[in-house]
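By written order: A, B, C and D. Residues from 1 in each chain.
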Amino acid sequence: MSMETTNSQITTRMSSNSPRVAVVGASGYGGMQIVRLLLDHPFFRITFLGGDKSAGSKWNELFPFLLLNDDIEINKPDIDLIAKTSDFVVLSLPNGIASSLVPNLLDRNLRIVDLSADYRYRSLEKWASSYAIEARKLSRDDNDLCKEAIYGLPEWNQKHISQGKLIAAPGCFPTASLLALLPFINQGLIDYEGIIIDAKTGTSGGGRIAKEHLLLSEASEGISPYGVIGHRHTTEIEQQLSEVARSTIKVQFTPHLVPMARGLLVTSYARLRDPGLTAEDCTTVLEAIYKDQPFIQILPVGTYPSTKWSRYTNKAFLSVQVDKRTSRIVIMSAIDNLFKGQAAQAIQCLNLMGGYDQQLALPLTSYYP
Amino acid sequence: MSMETTNSQITTRMSSNSPRVAVVGASGYGGMQIVRLLLDHPFFRITFLGGDKSAGSKWNELFPFLLLNDDIEINKPDIDLIAKTSDFVVLSLPNGIASSLVPNLLDRNLRIVDLSADYRYRSLEKWASSYAIEARKLSRDDNDLCKEAIYGLPEWNQKHISQGKLIAAPGCFPTASLLALLPFINQGLIDYEGIIIDAKTGTSGGGRIAKEHLLLSEASEGISPYGVIGHRHTTEIEQQLSEVARSTIKVQFTPHLVPMARGLLVTSYARLRDPGLTAEDCTTVLEAIYKDQPFIQILPVGTYPSTKWSRYTNKAFLSVQVDKRTSRIVIMSAIDNLFKGQAAQAIQCLNLMGGYDQQLALPLTSYYP
Amino acid sequence: MSMETTNSQITTRMSSNSPRVAVVGASGYGGMQIVRLLLDHPFFRITFLGGDKSAGSKWNELFPFLLLNDDIEINKPDIDLIAKTSDFVVLSLPNGIASSLVPNLLDRNLRIVDLSADYRYRSLEKWASSYAIEARKLSRDDNDLCKEAIYGLPEWNQKHISQGKLIAAPGCFPTASLLALLPFINQGLIDYEGIIIDAKTGTSGGGRIAKEHLLLSEASEGISPYGVIGHRHTTEIEQQLSEVARSTIKVQFTPHLVPMARGLLVTSYARLRDPGLTAEDCTTVLEAIYKDQPFIQILPVGTYPSTKWSRYTNKAFLSVQVDKRTSRIVIMSAIDNLFKGQAAQAIQCLNLMGGYDQQLALPLTSYYP
Amino acid sequence: MSMETTNSQITTRMSSNSPRVAVVGASGYGGMQIVRLLLDHPFFRITFLGGDKSAGSKWNELFPFLLLNDDIEINKPDIDLIAKTSDFVVLSLPNGIASSLVPNLLDRNLRIVDLSADYRYRSLEKWASSYAIEARKLSRDDNDLCKEAIYGLPEWNQKHISQGKLIAAPGCFPTASLLALLPFINQGLIDYEGIIIDAKTGTSGGGRIAKEHLLLSEASEGISPYGVIGHRHTTEIEQQLSEVARSTIKVQFTPHLVPMARGLLVTSYARLRDPGLTAEDCTTVLEAIYKDQPFIQILPVGTYPSTKWSRYTNKAFLSVQVDKRTSRIVIMSAIDNLFKGQAAQAIQCLNLMGGYDQQLALPLTSYYP
């Protein structure tokens, strides 16, 4: 009766040698998701909660709607304390900050999943050119780590993630864009030139820190583009596409802010190299490539995904159409920006790093409506 | 690491003698919730899906966002077929319709949870006076069943539910109102006269059948009262309060439609008999009464619940304030109208009927935001 | 073809001796509304825009969606400059700040509408007891001004407003509550004891300054009470009710935050002194009292207002029900919290102060949906 | 102090020979907008309200939030009655229905603005190929009228509209798309091949008739594509672009449903013929072309429009970016789908047909937030 059979087949759990996880930046949206998901995990247990503003408070007082069984005090992210209490670390910090902790954490043999962009680029230089403001403030010299870090997109990088010490969890827009485009790039089915990625995200992508434009009064009852041309996820997407294509790919990426809390939809447009391909053909391509992937659901031609279907799950819903008149393919991908687009995908990586089934503690089915 | 330990302690499940459940009215919101929750259940398995409009379709085609492992065809609610395939039945039908199926289903020894109002009243007459339109259309003569049916509010009726054959699942407003008021009625702490219940619900309470006033265009960006004075949940609340009080209680109940899909908040006002009682005293009363109830969370004085905290869970959040100036108590209760207010509470009843831990497959913690 | 005939009967306008208005705190929600409404005013013209953070910027650069014909630079609120440029001042500042400007502005013969609570109480002492935090920070000694200030609720105070020099615009909750309750207090139709005011507001009531709990991610898809027992509008409501009753009235007031940008609904409960009164009788009372009031619309019995109907208008929609079983009256009032609840009502006051028709430039009909 | 000076300069109005307008289909969203806008019109007056379901009711009873000064009864759309009472007709009917009234109305010398798609195509054949379902049900033979009808996009067709007898008001998506793309097509600045139009609309575009997918419960908290490849506005856009280009243009058009009541955003992508053009150059092109157009506001480079800015106005906000890396232009256009995208644009046409200033009674500035 259940697709989530793995969890319940577990008979022993929570033994004292269950792997211990530190969540640093626990009271932002990323951290809260990690805490929520690990609540249901049969093996991993949270042993450290790190935060700056909330340091000294008990978690359950601050989050009466997200109670921990064993209430934990939130602490400043002290390296020694983290090393003493934890085996794994999830970092959910503003861009640039993770890089000030990661080298020391690795020295203590901790294994890390970083939700920020700090280690998503193959070189410090590439990072600095996209994250110029942060780069100017910091003096990073961890180019080696940039090279070694593993890009945490499990559907395309499972083996490396399993053995990784430092996982750079992908951005939310790159996750949805890459899952949609990589199959067609990989198979050489679309032109590398002229790819358009029109993306739509809910407000939680902007984080929990109060900003005027994310107030309900401002963000409700309107949709608007932002970061047109220059959004930093552009280069992250391009790097991954180019690696698979073994050729430089440039995309046109435009994000939009949608009046909803969660959800991310990417509508991608590209020209088919073979104008004879049908939507059914392209759907078959997706089905073949993702046939063993539990978190990818390919929709039949003519069924289009709502981000609402993916809410609070680790799933990506994909759908394809082909316009014969224009020889163009339209690929739609819907995810939950904080789950498959961030924290749940990070847990998927943690599962792999811990040698577990990647599905552990990850919801497959939304509550609707 | 998990508050939901029960599920995972299960070692054997889904054996061929797992109890079989029919869900009739499966494609409305109530039915969909039952299906969704049973997906994660270690014992119960869905063996029949009943629907009129959708009969003949495969479930997974209609609900690509709520996939069943073993896809089932939706059938007309035929008594023989239900009896052959099922041990338990959950009825999620418009008011009045359940009463045309229940007598026959009971004859076949099926055990039933009915989500409608058909068996919530102690007599046919009382039902008919509140559900006059339905009563006029139908010619019910099952007064005996009205008397025998068990009111499915587990926190106040657990023993009877466990042994019940026909459970009348409470209305969403009564659930939130009764959980808030019964402790104070039971302890004789508040005046029976002058109780005000000001309730606020999301649009899913109005069901999935398209109605103009529930369109996003109409229902968004506005709040309005409805059913003022005459709402039918008034008499349901009064019946239950009066039974516990052993005295006739009349309440002033006003529902409001709030621009959100799910959630139900009840703000109740009453006069304290002892004006010396403090909010802390009243909180202690709630804690004592609900101390063994896993689905009731009492908040500290000064912390007020958001329905968002209860979304997609079977929990009720309660909070109390006392105004010394007016000798009045204000009791706030927040639930998910489709879960604790309907379908998840029904599963809680099913768990008890099946002899299981009442917590099986019922979410305790929301995903936030 | 138009209910708003007044505007268009004007033949001459914008002459050089049109009254000049300073808007101080122009970039908050209150100030923005004043600017927007005065855009359409046939006589008043904005000659000064005051703001702290935005000082030095041109209005039209900051507000491309709210263009002024004659673009004005935003200035620090300098008394001399205001006095030189303006005849009237609208102050839209955080509580406490207005009182540091008002005495000096009055000395320069400016006439003032203050949107804050600083002059809503009959004495400094009463203000200080409700606004204790502000009172502790400031050392006000303008008790005389507190006594002289006119409470700006035009439907009940028109004559005094017309001649006033300092108008204290009412709070949003008091406006909706008083318009509903004053008629019945005034006519002695309801018990003074036991009045319950259950209020629901949109997020714009919390202002434009970014706060976590007002983020769309937090405030959407949930409703919650706040300020239970102690909300400061309680004493403001009580003061006005008590003055009309010539007797001390205490009310139970509970506000709730609703997931919408604008709108405020008040549901008031009271016991009828004469239990024989019907809803129709009570509706007639309202119609009689408000028969010359263009901004009050009394709904027929059984029609309940949505705040959506009042959005972007200066109207209050009122509706009454009576429950014979409980001898209670339920009065519903719906307004736009930023318009009739704040800025548009302030313009209504300005119109009266300027000797104009009170309806000038004030919208009567919402755009729907 | 006002941008809307025209209205108030009017000294005489509502004389008995003011032009009379019939609104047929008055209780749908299109009709309601027409009624609302004409409320404020200095000349046009509503003399007939047509509806099927609501026939026999008084308008003010059905629409207490949209009161007419002179309450009118809603009537079946009888040609004789319309002809007797009216000079102009606005038809707001489901696709296909208008064509059964238009020939007769024209025979009676009425001048018509039709909000449906019935006369938007240059030939019956083209209409029938895009509106096949409607074409199968009806037996239209008014190909002549299709040829004669004027496409009601005033910024590009003002002269013809002024003299037109039958105006086909454009679709909402075509309005936003054409205002964005026509300048660059007209100037030959972009490639005709490869134009991508990614559009986002609020739910009111789906009309007021209740449909499951437009319920708040369904449409909130999610975004999804629909009508991918085959949406009927595609051919309407292509027809207009091709006429200006004097060359066949095919576009890739994808609409998305956004969780908001009103608003429509179009993000268009095209390749610049001259890769040296900058965003500033392209902005200058727009400014030059639209310099005399009161309803088009060109935003500075780097300022992106929210549909919220255009809500309840007849304005289109346009913004351009250029990506040198890809030689592509991104043009963003935001409108209110029911106003500039439908009814207000229809009033703009009516104004021109009546020989008035096109701005009469049309809002330029939104209420925000």
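In this section, a residue touches a chain if its C-beta (ideal position, glycine included) is under 8 Å from a C-beta of that chain, and two chains touch if they have at least 3 such contacts.
In this text, all values refer to a predicted model and were calculated from it rather than measured experimentally.
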Touch-network distance, chain A to chain D, counted in steps: 1
Per Cα centroids, the chain farthest from chain B: D
Chain pair among C-D, A-D or B-D whose interface repeats that of A-C, sharing over half of the contact pairs by residue number: B-D
Comparison of B-D and B-C (more C-beta pairs in contact): B-C
Distance from the mean Cα position of chain B to that of chain A, given in whole angstrom: 36
Where chain B and chain C are represented by their mean Cα positions, the distance between them in whole Å: 40
Distance between chain centroids, defined by C-alpha means - chain B, chain D (Å): 46
Residues of chain D touching at least two other chains: 29, 202, 204, 208, 217-218, 220-221, 259-262, 306, 308-309, 369
Chain D contact footprint on chain C (complex, rising order): 1-4, 7-8, 10-11, 13-14, 29, 32-33, 36, 38-42, 44-46, 64-70, 204, 208, 220-221, 261-262, 297, 299-300, 303, 306, 308-309, 312, 317, 365-369
Chain C-facing residues of chain B, complex: 194, 196, 198, 200, 202, 217-218, 220-226, 228-229, 250-252, 254, 256, 258-263, 265, 267, 269, 271, 304-309, 311, 321-323, 325-326, 328, 330, 332, 334, 369
Interface residues, chain A side, partner chain C - complex: 29, 202-204, 206, 208-212, 214-221, 259-262
